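I have placed the structure first, in the form of structure tokens, so that the comments after it can refer back to it.
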Amino acid sequence: MSHRPSGRAFDQLRVIRLETGFSRHAEGSCLAKFGDTHVLCTASVEERVPPFLRNTGKGWVTAEYGMLPRSTHTRTDREAAKGKQSGRTHEIQRLIGRSLRAVTDLTAMGEMQIKLDCDVLQADGGTRTASITGAWVALHLAFQKLVEAGKLSAVPLIDQVAAISCGIYEGQAVLDLDYPEDSSAQADANFVLTGTGGIVEVQGTAEERPFSRDQFTQLLELAEKGVTELALLQKKAVGLA
Amino acid sequence: MSHRPSGRAFDQLRVIRLETGFSRHAEGSCLAKFGDTHVLCTASVEERVPPFLRNTGKGWVTAEYGMLPRSTHTRTDREAAKGKQSGRTHEIQRLIGRSLRAVTDLTAMGEMQIKLDCDVLQADGGTRTASITGAWVALHLAFQKLVEAGKLSAVPLIDQVAAISCGIYEGQAVLDLDYPEDSSAQADANFVLTGTGGIVEVQGTAEERPFSRDQFTQLLELAEKGVTELALLQKKAVGLA
Amino acid sequence: MSHRPSGRAFDQLRVIRLETGFSRHAEGSCLAKFGDTHVLCTASVEERVPPFLRNTGKGWVTAEYGMLPRSTHTRTDREAAKGKQSGRTHEIQRLIGRSLRAVTDLTAMGEMQIKLDCDVLQADGGTRTASITGAWVALHLAFQKLVEAGKLSAVPLIDQVAAISCGIYEGQAVLDLDYPEDSSAQADANFVLTGTGGIVEVQGTAEERPFSRDQFTQLLELAEKGVTELALLQKKAVGLA
Amino acid sequence: MSHRPSGRAFDQLRVIRLETGFSRHAEGSCLAKFGDTHVLCTASVEERVPPFLRNTGKGWVTAEYGMLPRSTHTRTDREAAKGKQSGRTHEIQRLIGRSLRAVTDLTAMGEMQIKLDCDVLQADGGTRTASITGAWVALHLAFQKLVEAGKLSAVPLIDQVAAISCGIYEGQAVLDLDYPEDSSAQADANFVLTGTGGIVEVQGTAEERPFSRDQFTQLLELAEKGVTELALLQKKAVGLA
Amino acid sequence: MSHRPSGRAFDQLRVIRLETGFSRHAEGSCLAKFGDTHVLCTASVEERVPPFLRNTGKGWVTAEYGMLPRSTHTRTDREAAKGKQSGRTHEIQRLIGRSLRAVTDLTAMGEMQIKLDCDVLQADGGTRTASITGAWVALHLAFQKLVEAGKLSAVPLIDQVAAISCGIYEGQAVLDLDYPEDSSAQADANFVLTGTGGIVEVQGTAEERPFSRDQFTQLLELAEKGVTELALLQKKAVGLA
Amino acid sequence: MSHRPSGRAFDQLRVIRLETGFSRHAEGSCLAKFGDTHVLCTASVEERVPPFLRNTGKGWVTAEYGMLPRSTHTRTDREAAKGKQSGRTHEIQRLIGRSLRAVTDLTAMGEMQIKLDCDVLQADGGTRTASITGAWVALHLAFQKLVEAGKLSAVPLIDQVAAISCGIYEGQAVLDLDYPEDSSAQADANFVLTGTGGIVEVQGTAEERPFSRDQFTQLLELAEKGVTELALLQKKAVGLA
């Protein structure tokens, strides 16, 4: 019997929707919904690569992240108005970029750049994991468009990548924390895994007191289960399943 | 017979939708759609007023404006990443704030502040007019909520306010410019009018060459027609019609 | 009988002086005095154009605006010390630039840029209209110098441009608001008009409550009268009358 | 037989020195040397806590991180001159702060703040793990000083905390990466562990391709061995062993 | 026979004018003209002192410095637009503030602050010395106004302070460098001296090669002569002579 | 009999150490210790010169200065975190750069740049004079390395340069102020002199009240004595004595 605020089983994801085509202008887009967390992910293809890649024939995939001021329970100050992005924003957008590059064949994509913008329209916990999961879909769609336009011969993605958070909530390891769980969890970990089970990123944090190695193993196993489900939804979203 | 790219008549608005309840957390919200221009307007109630109003018993209404990087045809740099808001952003958010305050009874609302965030999810011309029109709806809904909660005895709005752009396109005065029209118009004017026909703001700009007083009068008359239609849609959105 | 604080008639400008040659180094300069409002306008010719115009053969005219900290009744913080320009500054300098470009033949001037700096030495209302009016003089003088130096065959200005504010003060439409009027006017409008009567920019704002279309027409007619007078003074200042 | 550039065994730390008393003014200081990586950690006691803790009776521990411009192999631009801290700096200083707070009894320390400055004098890989390990020493020394001064009855540290990096280098899991290893590792993980074996933070990143769960387990076990050694050195540094 | 570009004798000042009353709003103002160098100095009285002086009964005098973009021979970027003040600006405004405080009785003036804004309208060398000389006049006038208003019993200035530059130009020590001399001088020194001959600040800089102690003594003696003349002009400007 | 807090004679330097080789990566480095003031000076050779020197065949020497947050008695905010360098920092780093360039043959060094980073690890007065004195050593070592590598035929330094502060402390002129003296001195002067006795920079400041010309001469003579001693230590540090 579940004691989670949402009534979910300890190993149950929220209702997940990966809606494509939300944005009319972007080369690829996905509105990733993890329950009440809604993140709009758009992929923009640019001809220019960063300076360190010029004339190398290799491409680049990078990401930016933002939250609408009233995506949160109480309003958060607009970063553009404050004149700088928070440390948290920097952390998340670097994580998204690394995660996508880990499954992209940068040589095969050639000298171009794709920027993934992950903007949180509504937040209820897990915005970074929804961002990564949705960004992979948007990226895949943008690559498909380049293939259709004859600019690439195949989609240069080696694998899928998706992410999920797990945590220790009231002493129990649970999958896919929502905001009420996240704000009172003893530990919180984000896992970025590939479709074939490889680990791309692990970020585990004890909120107040340290956790044990056994607990950490439980979190990892829940994540593996969750990402398997997410990977199937991604395939459907891009027309591969 | 229309020569507008969209096939609309010279005095015809785009399809307008004012969808309420898009945002779960905000005290009031409206997704204002003027054709392919989509602006999410949220109202956030705050207890604190700006310093110049402290202990005066009066309230304040203010606005912020932003565009998602890929709301535009080609990606626009993120203002938070650049570390500052553009002059255009400043202009628009000041305009939205002034427009709303012109129909708000700041004394009746008492010492609180309402912040309207107008974030462009997708842009196709007329983002500032959609912002003002949608922001009034979000503001009204937030006031209704305060009335329902017993914190206000009545909605402290004296009138409605809505906005529309008009312009000279291929020598002809037309209503509600979309992006293809806006980018090649000879003149462009934004009108902020009240439900009862008063003028709150007029901003007319000759794009390349000056325009005449007669042309300006035509633009104003089109705007009056357009705002009459918008005002009716606003009333429906907030349950007054 | 006038009830204006200054004793002026409702349709009377302040004493206007457009003094040329104030600045020894600038290619053109004009100290524009609208009563106690004094704005120093200088024109600087630069060989480089903005990136979007490189190799197009076209030139550019742009403007910057600033206020000395103690140009105002009480001291205003220095924008350079605060590290950013206000929204108001951005609005005004964009307006000045657009106004001048509307009467400049950018193709005829060739690939160069002229920057107009409008710095308020003393403020008493109407600094943006004095800036535009004086900047046109400084720009014309700079072009004359380029003609004299054989770098241009003729002054590439199609028309004159000047600006004036009007407002509803104690229920009456009046011309050329000074600070005491400006700070208590019910409505305030700035008109940028050409020497031949065309409209370049109109910016009307209801300060507290909306105004009517008839009132707006009165303001426009006052502005037409005022700009006719300013245009004559501009001609004298540049030696055309 | 080792194939590591330094000739170390796969499970061998660099020569570690935790030198106290480097800084004359700080309440606690430790120059943490992990081989050629030298980080100066100072603890500064401040009476003021952040706003969200005022009048709660609880204290706060926070950290800042910086690198001297020529601590690195080639010179790095000075963050103070660039006007902002990088995303990497933000990530590291947030990590240091969280790690220390996980072993501090914030209630017992009372309403004061201790700031740990971790400044890299020389970098050769592992600056964040040296920072955390040295910062705990500096923090302990500052608390001891407060106990000696009678301001605290006991050092409010529940446990030790130390950190070490591990990675997959040429297919082999190794402990305590130096710069040559770090720059060509297939995977890189930082572990923040307590003296009693609890996990505070785990951050694992696949550099180019994902790694497996077995590999991750090997890294964790190496880290446990390394932190056990570091914890003993910390005890000696603060006079507890 | 002089070999100075201006034809001046080696120990001759430029034509100096200290024009009071240039600014209508400031509590004291002086347009200091050292030949073609024109600096507008305004004094603004503020009730608030900096935090470190609150409730001490002591006052403060501080200064800010700026140059209009086209005060210089070729246009200089506007510091407000660049978003920061240059190192040179910081140096000069700190120098002006220290110089004035050295002759002010901060205790006698009581808990208030006077800000001196020194804005260069036109530059031809020696802007910092003109600023100090003119700022003293503006400060004195502001104090006189406070005496007249009964807020101070006497002007709390212990002495006069004025400044002049000297340099080695073509091997010869000369007084009051103008721009052509300044840009090719072997050495350049600014002296801030009191009316009674005391030294407040000395800043001597070898431009390319070091200078000798004898040369330095010559520069100091020229400065003493120059400041004696400036001090007399200051007295006249404030009505003391 | 000395009345200085440290017990030093009025013309006695603190214990000076110029330790080379502190930094493993820099082309030249010197930890300059003036008593408890410790400044790490590193020289970094860069191929690129500033824009104004490109293709001139001339080189450039420049400097940056910083203080570790807890180098001071009480913690100073980190400039990187505040987002800007203080006026004091700007002043000092410009002074260091000018001082070194005054003894460098920029033509002989060829088109390259050397950046001197002077970072204060511990402060007890006189950080700018220690910076200049140590930076010359680091610069010399970097040049020697370039000579050894065959990139320069000789060290392009014309002379030595070193710096020392002097002041009026309790009415007496004293050499090399430490922090307790500096914070209560009536006057404070920094002298930058060459090994052969030339003056490069003089900066004298009256702290509260002006000082006399005789006093200034005493300070200069003390500085000449001090720099003679420093110059000998510099020679030893670089192996010339």
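When the chains are written out, they are named A, B, C, D, E and F in that same order, and each has its own residue count from 1.
Note that in this section contacts are C-beta pairs under 8 Å (C-beta built on N, C-alpha and C of every residue); 3 or more make two chains touch, one makes a residue touch a chain.
Because the structure is predicted, anything quoted here is derived from the model rather than measured.
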Chain labels contacting subunit A and also subunit D: none
Separation of subunit C from subunit B in steps, with touching chains one step apart: 1
Interface sides of subunit C and subunit E: same vs different residues, half threshold: same
Computed distance of Cα centres, subunit F from subunit D, in Å: 33
Gap in Å, rounded to a whole number, between the CA centres of subunit D and subunit B: 51
Multi-chain contact sites of subunit B, meaning residues that touch two or more partners: 83-84
Cyclic chain order when read starting with subunit A and heading to subunit B: A, B, C, E, F, D
Complex contact set, residues of subunit D against subunit F: 23-26, 29, 36, 40, 42, 44, 46, 64, 66, 68-75, 78-81, 83-85, 89, 115, 117, 119, 121-122, 124
Contact set on subunit D toward subunit A in their complex: 84, 86-88, 90-91, 93-94, 98, 102-103, 159, 189, 193-194, 197-206, 208-213, 216, 220
